[in-house]
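Have a look at the structure that comes next, please.
Chain nomenclature is as follows: A, B, C and D, assigned in order of appearance, with residue numbering initiated at 1 for each chain independently.
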Amino acid sequence: MRYQELFPVPIEWLQDSDRSMVETISLWAEQEVKSKRLEHKEDYEGLLLPAMRKLFLDIGLQSMMLPEELGGGGIDSPDAAVTTTAVLEQVAAADSGIGFLFANALALQYALAISPNKSAEPLKEAAPVFTGGDIALCSLVLPAYGSDTKERPRYYGLDYPATAVKTGAGWVVSGGPARPQCCGATASIFGVVCDLGDGTPGMLIVPAGAKGVKKGKPFKKTGLAASVNADVTFKDVKVPGSALVLEGIEALRAVLSWYYMACAAVCAGSLQTTHEILQEWGDTRVIKGKGQVFKENPLVASLMGEIGGKMGTSRLLTYNLARMLSRPDVYGPAGAGSLHVSAISAFKQVGRMAMEAMDNTMELMASAGYATEWNLERYWRDVKTVETYVVPETVAQTCMARQYFNLKQL
Amino acid sequence: MRYQELFPVPIEWLQDSDRSMVETISLWAEQEVKSKRLEHKEDYEGLLLPAMRKLFLDIGLQSMMLPEELGGGGIDSPDAAVTTTAVLEQVAAADSGIGFLFANALALQYALAISPNKSAEPLKEAAPVFTGGDIALCSLVLPAYGSDTKERPRYYGLDYPATAVKTGAGWVVSGGPARPQCCGATASIFGVVCDLGDGTPGMLIVPAGAKGVKKGKPFKKTGLAASVNADVTFKDVKVPGSALVLEGIEALRAVLSWYYMACAAVCAGSLQTTHEILQEWGDTRVIKGKGQVFKENPLVASLMGEIGGKMGTSRLLTYNLARMLSRPDVYGPAGAGSLHVSAISAFKQVGRMAMEAMDNTMELMASAGYATEWNLERYWRDVKTVETYVVPETVAQTCMARQYFNLKQL
Amino acid sequence: MRTIDDFTRPLEYLSPLDRYLGEIGRKWADTEVIPIRRDFDEDWEHHKLIEPCFRSLQAEIGFQRMLFPEDLGGWGLGHSGYMGTGAARLFEEVARADSGMAVAFGVLFWPLVMICVEPHVNRRLCEEFAPMFMESRPVFAANAMTEPQGGADIENMEIVGGSTIQTTAVLEGDEWVINGHKLWPTNSGGVADLFGVVCTTNPGSKDPDDLAFIFVPAKTPGCTQGGPYEKAGMAADKNSDIWFDNVRVPSWFRACGPGLDALYFKEVVSLGNLGSLAFVSGAMMNVWEILRDFTSETTFRGKPLKENDDVAGVLANFAGGVDIIRVLTYQYARMLDRPDLYGDRWSEEIVAKGRAYKYFACDKAVEDLKKVMNLMGAHGSDRAHDVEKHWRDIKIVQLWMGGKQLCQMEVARWFYECETL
Amino acid sequence: MRTIDDFTRPLEYLSPLDRYLGEIGRKWADTEVIPIRRDFDEDWEHHKLIEPCFRSLQAEIGFQRMLFPEDLGGWGLGHSGYMGTGAARLFEEVARADSGMAVAFGVLFWPLVMICVEPHVNRRLCEEFAPMFMESRPVFAANAMTEPQGGADIENMEIVGGSTIQTTAVLEGDEWVINGHKLWPTNSGGVADLFGVVCTTNPGSKDPDDLAFIFVPAKTPGCTQGGPYEKAGMAADKNSDIWFDNVRVPSWFRACGPGLDALYFKEVVSLGNLGSLAFVSGAMMNVWEILRDFTSETTFRGKPLKENDDVAGVLANFAGGVDIIRVLTYQYARMLDRPDLYGDRWSEEIVAKGRAYKYFACDKAVEDLKKVMNLMGAHGSDRAHDVEKHWRDIKIVQLWMGGKQLCQMEVARWFYECETL
């Protein structure tokens, strides 16, 4: 039985085109990543970059959500939510790090091409970067903890990574060193959330090559080998007026809702491979010197049951969120309080369940759980990194409480 | 904002008739239960029985799922899954115990009127009990832990509460003392899961008044005041051939899938009232002698965020299960392995999350959490009782592992 | 067969009284309480069944005297150097039978700690109140702390000092005149003969000198109590409202005096946390006994429950948890018995660590109880097995004394030197 | 400012060496390891950075000698009566810097326990191997237990005895001839100079007499090791395959003899659990130090992180957890130091309780580390803060020695007297 049938979601939401895309991506996963792992481990040049080229350029994910008339894949309606969720699940099953990079691209392209607040000019400006035939990594730069206690506008208590000041027709972006969500050292463009001066949040597209953009030295992190990350400083970076892709809290929340959905899909996808690894372990391992097949031991089985339950629930939560985001006509705008908080909640729950399921799987596999040879521990490190990067738990909880219990001050 | 909007589910699955029913039931909840609580607490005669009369007879839930031609409400297609879930959520919001009794009726009526394995005769035989104008409580009697180690056919390691032997046109049911799911002392009919002799499970309808049915003395339990429960013994109870409402493992699993859905809805509904209680507490309480409104304290808020997340997830899981059960054409039969295990998983997760959310709410309310005056602790006791009654955790985990990891022996 | 005595205790810490206290407590529990405790829930209002159990424990055996000096008829536990470990053992045995009784019994010593324990023995008040506790009936005392507004803020001394206390004490001549309204004290609802009342001598002040701990005999004119509240469990522990309407007591009924009342009141918190730990330990050991028997007699997959690996996994987690909680309980008891090594019982460090152990033990116990209830199926919520009883009771222990959040703040303040929490 | 020394230890248990061991270990960690540990992950294969740290700890300071008798150049810890608490303190300090080093360091004593510790000192083998450990370079030993099939079953003595052991020892004249294949031992991969090999003298037998613990110097002909495995963490701990191909050693290289090898091998399990507890305690205390500083310097809502109540809640849970794990660590150490009070170190009770404490501590630590990583946001998974390092390392401690399920079965067997698990 296939993973998708073992852990059913409302398939009525999937179109045939989605299904065939899933097939394409899982073929890519097998041929370009999984089969080459023993040889290349997590090598960036040897394994991940070539795989990304195939995926982003040859298969075309990089421009999937841009309109056809601009050379994109034309999946530029809210329906893209379900499609990209199904796609991301398969990408992450191959490599959660690549999935995370795609999640960032997706969030940015949503702002450019799908958001109700989109406008033609920024889209036209940015499209060539994605359709130009070169790999174009991108990253969001989001509000984060700060380092001083000065009074200033903050986003749910977090400092804006930069400020943007309108000067004539353009903007001047200053701030940092800030930590991008991913590939600060390799990204072509950044979607930087800025304080537009009066505390209004906006997102501006800042090309990595723009004058005044300084990339720090790549730093080490626990996972996400596909993301070569470095802190970035913006020193009076001049960008055109069209760099402002969104303005205002609701528009920003809409982008984040999609981003959380994409990151939930990354976690859910990692569980698909976790299941594959544990199934093989459980089938072949023998314990207690009684020739008892591992999975048939009741204690092992009880944990496998819990693990499976979390796999199924993670898929359900992710696809439900995708469905709600794909039908603003039914469920309202992605930036509205209730949907935005549903997105935060889904991501936090899926991230947590994914970690629990992987932690338990590692416990069942004992030393094979942490030996790189078995390939489980890389997903475990990656998903933990995603969980920590996307939103600090404190902020997620505050946003949820604010909505669910009508807070006024926090 | 209403609870349903705070914690959205795929509303595309709800019909207008469902929505109006929800309104009717919540009106009943307010008038017949919540408004009378301070006076009657959990009194059976004074509060619960009258409320059940209104609900089951006047409003007509008792026969809701029977065909119109037999005097029922005619909601006798699989669509009933979503309808009854929405209804049960509101019933349980008023009293989780009454919700649990209805869940038992629902499971039995599914077997009689909706299951693909239903047959006309048992339905015709049983219908009058529900449509006769008297309150007719019913209870499933399910396999449970045993008290000896004899070799005999078991259901996932559990002993059958009784055996049924075919004698001429009828059956002779023997077994017990067995613990019914609910109201062993007050039920009119039992749906007894029996070993049909060769280890094949079947469910037989045994009228409480039948010769040989002995009810024990009502026993004390932690919650579910609406369920006056007692152990039941079946001493050579003769029932007609039509008493056999289902036969075979898949048919039994189908009934249990619906039962798990209903019990998940009971847990989800209890959370609705939990939210109401916590919201009021959070709005009115002041702490730290600083005039800080309770809910605006960051630590309180962080816990409120977690609580809300679990409320939303519980609703989502319950409605997704209901949807899948309502469309066998799309998701397959309710008794098939994957759907049955999805049902077990959903119930276990919802039950667990409901307990976590209530436990955390009690922690926030400190002594008001366990004082009966605040009405929270009764739901906490009820839901815990439901969680323990419906399926032992060991069995749930084994069933899930069996499906998710392809076990052969357990 | 294994018994609860197989659970670990730091043997080097035990008081010379340990065996004696343990055996008496165990016998009392097994013969007088456990056989009838199942009906305590319905006895919450009138204590027809519960009162006789208190009578034998406190008056006949005489445990209610133990804190007072020997020459006043007490057992001198207050200066024995073994108050902590001795109390822990006794509380475990009582809570094994019924946590509600353990709470009511433990709390009777709470106000007495202020005057019976070295280095702050108030000899005159000991002489004044000792006779009351030598009577041949169960005698209770209670701490009147919590108030309608602010609730546990009274226990939240670190942050609000006494500034939120609304109950006032005014010195008129050689008498305190007390006015105020208290909620929730254990042993209120008509049970206690003596209250220790937390008052302010200067409303709104944070100055420790203005917090007064004053003794008020329950029969003093102007002191009235409401009826007990109905709760999810702990029927033996009566909680209610107390009103003080121009209540007059002699000026020397103040426990330790300006500054010292506030200081030593923190010791009351430490002992409350030790008590909570012992209640959890005792109740959990009883659940373990029940589980041991239940999982041996009940079968699953044609084997005794406990012989199934998945069941054994849950059982192992439970037993391990009990052992760990018990070790912590005695470690903390020892820390209170040896201030020379660990610091004063009222020091911020000891208070904070007691909070940390208490809320850990309660959270762990509640989680583990939930899991064994799920394991037991319908029997888990069946009152016939008493597991659900301990679950309801321990839940209450988890929530009392200000609840978890207050504990977390005190722990964070001490370990991280937070300044504005 | 608070330091890790503010975390509770049962002060009455501490060895006379405690302060000395602590100060030396702390200084070594702060000056030689912590400044460079961030690059250990990439050093997993060649130990260019790691080896010098071992050199100073084991050879220059000389800790690798501590178990041997004084007259052979050792420090006599094996008969000091303080092996447990002494080791706990030292392991804490080493693990505070790097758990991988602590594991490799701790495991070097594992086989030596069989011959250096009262009451089963094997004087002849002490004399044979002591000189090796007096050298001025870091010298390691390793226990070769786990095998390709069955894995941790070797540690699962209760149930399979030695019946699953495939590594055979045949006595030919006055020599053992050993053949077999072992996996995973810490300090394999070319590190160890001496192996303690778990063999069977009678394949398939469950008879304890047939389990042999035989010493094999790594340079013995026929003993070959593979290259180290790459792991999620613990770069300082090398694991690999070892093959024994007609390896010959003198007959008296067997540790204690028939029956006794199997018996005292359980003591190795107890000490492994004590080590694991101390590794967790030390690593968690270091994370607490990092958190203390991080949450003081980083701001949220315009305040230092730690001054936000929600953050403080997480910080409190973390600090409380560390304190509790540390108390357990020393309680268990004391239980090993005082067999007169608590029973033999190899008794089923001591083994089972060690398993229970170990898996509790590991589970709790991993959960708490996950929460603080989520609290820290991107910094939580950033290697610059070393929190994620300890998370990866402690996860490995959680999984080693047979993993959690094996622990649960041993705990259940003892506490519930299960017979068929």
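As a convention for this text, a residue touches a chain if its C-beta (ideal position, glycine included) is under 8 Å from a C-beta of that chain, and two chains touch if they have at least 3 such contacts.
Not measured: the values here are computed from a predicted model.
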Comparison of B-D and A-D by number of C-beta pairs in contact, larger one: A-D
Chain separated most widely from chain D, comparing mean CA positions: B
Rounded Å distance between chain B and chain D, as computed from the means of their C-alpha atoms: 50
Chain centre separation (chain B, chain C; CA means) in Å: 38
Residues within chain C bordering two or more other chains: 301, 303, 308-313, 405, 408-409
Chain A: positions in contact with at least two other chains: 297-303, 394, 397-398
Residue numbers on chain A that touch chain D, as the complex places them: 41, 144-152, 154, 157-159, 179, 219-223, 285-290, 297, 299-300, 303, 355, 359, 362-367, 369-373, 377, 380-381, 384-385, 387-389, 391-394, 397-398
Complex contacts: residues of chain A adjacent to chain C: 297-302
Chain D residues touching chain C - in the complex, by the definition given at the top: 1-2, 6, 8, 10-12, 288, 291-292, 295-296, 303, 306-307, 309, 312-313, 315-317, 319-321, 323-324, 327-328, 331, 334-335, 338, 341-342, 349, 353, 356-357, 359-360, 405, 407-409, 411-421
Chain A to chain B touching residues, read off their complex: 1, 5-12, 275, 278-279, 282-283, 293, 295-296, 298, 301-309, 311-313, 316-317, 320, 323-324, 327, 330-331, 338-339, 341-342, 345, 348-349, 394, 396-410
Sites on chain D touched by chain B in the complex: 301, 308-313
